[in-house]
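Naming follows writing order (A, B, C, D, E and F), and every chain is counted from residue 1.
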Amino acid sequence: MKILVLNPNSTAAMTDKVARSLVPFAAPASELTFCNPASTPASIEGHYDEAASVLAMLEIIRDEERRGNRGTVIACFDDPGIGAAREIAAGPVIGICEAAMQAASILAARFSVVTTLSRSVPIIEDLALRYGMERRCRRVHAADIAVLALEHDPEARMVVRDAVCRAVAADGSDAIILGCAGMADLTGWLSDEAGVPVIDGCLAGLKIIEGLVQAGFATSKAGAYGWPRSKD
Amino acid sequence: MKILVLNPNSTAAMTDKVARSLVPFAAPASELTFCNPASTPASIEGHYDEAASVLAMLEIIRDEERRGNRGTVIACFDDPGIGAAREIAAGPVIGICEAAMQAASILAARFSVVTTLSRSVPIIEDLALRYGMERRCRRVHAADIAVLALEHDPEARMVVRDAVCRAVAADGSDAIILGCAGMADLTGWLSDEAGVPVIDGCLAGLKIIEGLVQAGFATSKAGAYGWPRSKD
Amino acid sequence: MKILVLNPNSTAAMTDKVARSLVPFAAPASELTFCNPASTPASIEGHYDEAASVLAMLEIIRDEERRGNRGTVIACFDDPGIGAAREIAAGPVIGICEAAMQAASILAARFSVVTTLSRSVPIIEDLALRYGMERRCRRVHAADIAVLALEHDPEARMVVRDAVCRAVAADGSDAIILGCAGMADLTGWLSDEAGVPVIDGCLAGLKIIEGLVQAGFATSKAGAYGWPRSKD
Amino acid sequence: MKILVLNPNSTAAMTDKVARSLVPFAAPASELTFCNPASTPASIEGHYDEAASVLAMLEIIRDEERRGNRGTVIACFDDPGIGAAREIAAGPVIGICEAAMQAASILAARFSVVTTLSRSVPIIEDLALRYGMERRCRRVHAADIAVLALEHDPEARMVVRDAVCRAVAADGSDAIILGCAGMADLTGWLSDEAGVPVIDGCLAGLKIIEGLVQAGFATSKAGAYGWPRSKD
Amino acid sequence: MKILVLNPNSTAAMTDKVARSLVPFAAPASELTFCNPASTPASIEGHYDEAASVLAMLEIIRDEERRGNRGTVIACFDDPGIGAAREIAAGPVIGICEAAMQAASILAARFSVVTTLSRSVPIIEDLALRYGMERRCRRVHAADIAVLALEHDPEARMVVRDAVCRAVAADGSDAIILGCAGMADLTGWLSDEAGVPVIDGCLAGLKIIEGLVQAGFATSKAGAYGWPRSKD
Amino acid sequence: MKILVLNPNSTAAMTDKVARSLVPFAAPASELTFCNPASTPASIEGHYDEAASVLAMLEIIRDEERRGNRGTVIACFDDPGIGAAREIAAGPVIGICEAAMQAASILAARFSVVTTLSRSVPIIEDLALRYGMERRCRRVHAADIAVLALEHDPEARMVVRDAVCRAVAADGSDAIILGCAGMADLTGWLSDEAGVPVIDGCLAGLKIIEGLVQAGFATSKAGAYGWPRSKD
């Protein structure tokens, strides 16, 4: 059972980090592919970066499905191009924001999100609304660090930890979602530090997609996720 | 990995039907327990039946977790006692309404629900609201049959089929959720009849719980799902 | 006109306190019964305690209606078992959370709730949503005391007072609802301390139920609150 | 205990009809005043008619409170001037739309409204939203008759009956609210015809206001309903 | 193209200030009329002041339309009488709250409002809800000054500035709306001080109404904004 | 004052049609540029077509702003790439869905949308939600024609007319929005046929953008619409 975990930005180090975090949790039958486009922005920090990543990302999804891929996780917390990805894929597709919020809403009564930049806060709030999670999500916080700082700045993880602890104290949430794929390696440590479950959407997304594929579920082609229409 | 699938009503035939539907889809590592209380109502058709089932159901969850159970699916579409079950369990717990709606919202842009009795319609609508699915769920339809008719009335499946087809035509939904555990065996046939994915929450719930357990997720004890308080 | 005020927990001292608070306000024609089950938890502090109280509570409602009871107030702020109670009763039934919020929304533009434990905050928020009060209710605060502290800890009332005053200052609400039946005796004093109306749902509920009974209104049996179905 | 039931339009026949409907249900201690301004539109059929009625209506409320009035029901289903009325009154004030919706939400899981003209439908929908009743109110229907037809057209009651029965059949609601004070005399007959409780907001409003006054509740002067500010 | 900018209160100095602020931005073809009634409250600070202003305001709109007026801006942030004004006018009508929120939602992802008195906060929140802006509007703040202080108190503008800066810091909004027509002259200065666009609804409203008139749009008379009904 | 009206698909005939519809309504000071990318899909019928259009569209916006463009209308009813466009532009940007809904909500109490394909219905519903128009928008209807049929199929306009008339009759809306830029030439005729204002978002968008530019408003760079971040 081939499963694609696709990082839409072009930073291979982040893709590798996600891979290291997920491999120990993969189902025995899963054959995981981790990849990223070569030419997209080095990080996705707003709508423009999303727009500049989506076509290359869709190309990969299409190619991988031709090679037998059965389901896809989009490993960027803005869930870029999720509708388009569902149109061009037969197998199920999820973004890590939706995945994390689905998992959190089973495990906790209320959660908060800690992301990188404040400019992403309204984007994530809008996703929460689209997913119907606006009432369970108490607040979206920014740690105020650039996405790539998570790759090379040794202070970044402490900044995230402080933001997570502040969020727990201020919001009374009983779970925290990490709002960036680049934080995927921090969940265990942060759960200990914060005293509540800290959830990474990459892992949540992998398990959801594995489960849907095992159950035989495919994307509905009867509505908004139907195959793109030919123009002839 | 022990997983409990718990039918809160006392009709063993329904428990068996659910078991037959799920066993082929279980993860290799899963050791499934299917059971139901002995003394609860024969079917859950409203708030009173829920209230009359919940304590016996919680007893079983508590016992099974003592015996090593790791995660629980409550196989009744009213998701009875879900909050209490999360309080008394360390492992993740999901009801089949929430499970089906989470799966449907990945596979389809809009879904409708077909349940048994019209008295259950507002109950399911209220659940959709609680789960943030009120905008993706176009409508909840009643097939106008008793729950137990699904066990012994040979006409019941045709009544459900007609309701499913009417729902697709009227709502423009691209997936249908079956709003009763007693319909768990009809998904394949109904998907063919309706031309859209037809989703059973028992299967969705099993895969979600398996995934959460494999990922190492547990119910947060830091908030509303904390262990019940001692009164001393 | 018999009216039942039912405390679902087993602490008779709390039932008595509610009785003392309500008796002076009863309508002349009202014949009030105050009672509590004998075997339920000593306080209701979460979903499990609710589940453990609801059947005994329903038994009393059924019995009292056979003895001529005409309407029922459930004196616990989680409004436990309200749907089931409406199914088994011909007369109107209200919980004190819904009652307090209805009264507050007539008297004030915005209100806040002060309850006992933080674990109850999401439960009350979910009720506010169900009752459509999520926009008028600015926030639900926890005083961080156990329910039974209200019965035996002389400091408890000062803790509640401080929480009420903080809520008024922080939220700009023009009324406060006390989120626990065990606070029923504090309204007069707290209104003076806080400078805004402080509302107890037991009193609000009594007056609403008296009014509905006097008006000849009964629970609709045509929908979700129809009598529980026989299983034969 | 003086209670004012105020019809904001100038049609005394409608005021009298409301009086005849309510008097049998008044509390023994209530001293009811029914009245209407002399110079306002003969019926309130839209925003302009509301605007043209509100000052005269407020004048009466102010005068009556000076004469000892303790609480007020505004007997027009658009709830005109409700915020202003709460500003100038010390006692509680309710409009019949809010009153009917509060009562219906206790008695039934879902309700529909039947009003007179289609132009009032969005007005009532907006009120339902303001009162948080937009999810319990399945739909607002227009019987397509003028308000004054209820006073002199013998066919009008049959038109209303047909609209009520159609609403029950189409919406699956378990209660109907009559969306015009001029229908106050039809509730008993229509309940029999429709097979569900049919609720008039005048009666609901009277009982709510009586209850609030008996309980000692007054309008909060600490927020949006504070006394109008002097301009000096 | 005649356009009416109507201040519903009777303070001519405020009308003049609005005029001075708008004239430089008027379209070449626009012939602006600025006016206010003579007998309404000197400022609109709550529902009663609205009620006391609306009929005189409607009179002017009707008169001006007879004289060829083509569109109307109601220059009070409570948007008083907006429904009635749309009923009696053929041309488009907007209030400055709705206008400012429409403009802000194009220019910014999230905005906050700074108004005068805390009693206006729930009124503006209710407007935001009615306009569907409740999710983009992070918060409504009160500067805690009387409306007329903006006319004669030299400190008032500094109080507003401080409130604006606090709102930007606390809410993370990327635009601020000034919640009172009396602040119309402060936008340029405050934008510099706050570092985000500061929006006045008078200007936004003028440009929206000019645009709608130029486009040939008129108020729909087919629904709730149809001409007031004759009572004969 | 240069204004860009940008059709994101590559069908020049549609761009020309939009130009012919708008030119008569342009402000005297406006210098309009109408254009479309050369390499994007011939029509935008779903998420994939949006994704395949957005980068080329952004390129044009960036180029035009370098040439002095002051404001932009994106002439596709899915409002593709609106967030990214606001990030890369200093001047205001609007999509025609948001523009039409803003205009409609001033002119009418309730509106419905008539678009081309049923697959676009959930996309437009999601936009309505994002814009806070989900309560004023009664329903989104599909005429069930391909976008390009509007360019070459002589029957297409009658199909649209029938859908518009059905929508008015079924929904009781007092305005109709045409949900495709390819219908921009039909508004006058359809308003006559339907008896309610029929609104095209291209015209609404042009007037809104002209107004914002005249008023000196620019996109806020302080939040989610800040310039794309450099990755160095």
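Everything that follows uses one rule, which is that a contact is a pair of C-beta atoms (placed from the backbone, for glycine too) under 8 Å apart; a residue touches a chain by one contact, two chains touch by 3 or more.
Since this is a predicted model, take the numbers as computed values, not measurements.
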Quiz item: Among the remaining chains, which ones contact both chain B and chain C?
Solution: A, D
Quiz item: Touching chain B and chain E alike: which chains?
Solution: A, C, D, F
Practice problem: Could you work out which chain's C-alpha centre is the most distant one from the centre of chain C? | Solution: F
Practice problem: Nearest 5 degrees is plenty: how much rotation brings the CA atoms of chain A onto those of chain C? | Solution: 120
Quiz prompt | Inter-centroid spacing, chain D versus chain C (mean Cα positions, whole Å) | solution = 27
Exercise. Mind checking the centre-to-centre distance between chain B and chain F? Centres are C-alpha means, answer in whole Å.
Key: 42
Exercise. Send over the residues of chain E in touch with two or more other chains.
Key: 109-110, 118, 121-122, 129, 134-135, 172, 223-224
Quiz item: Which two-chain combinations touch?
Solution: A-B, A-C, A-E, A-F, B-C, B-D, B-F, C-D, C-E, D-E, D-F, E-F
Practice problem: Going by the contact rule at the top, pick out the chain F residues touching chain B in the complex. | Solution: 118, 121-122, 125, 129, 134
Quiz prompt | In the complex, chain C residues that touch chain E | solution = 109-110, 135, 172
Exercise. Report the residues of chain B in contact with chain C in the complex, numbered from low to high.
Key: 41-43, 45-52, 54-55, 58, 81, 83-84, 86-88, 117-123, 126, 129-130, 146, 148, 223-224, 226, 228-229, 231
Quiz item: What residues of chain E sit close enough to touch chain F in their complex?
Solution: 25, 27-29, 92-94, 98, 102-103, 105-110, 131-136, 172-175, 195-197, 199, 203-204, 206-208, 210-212, 214-225
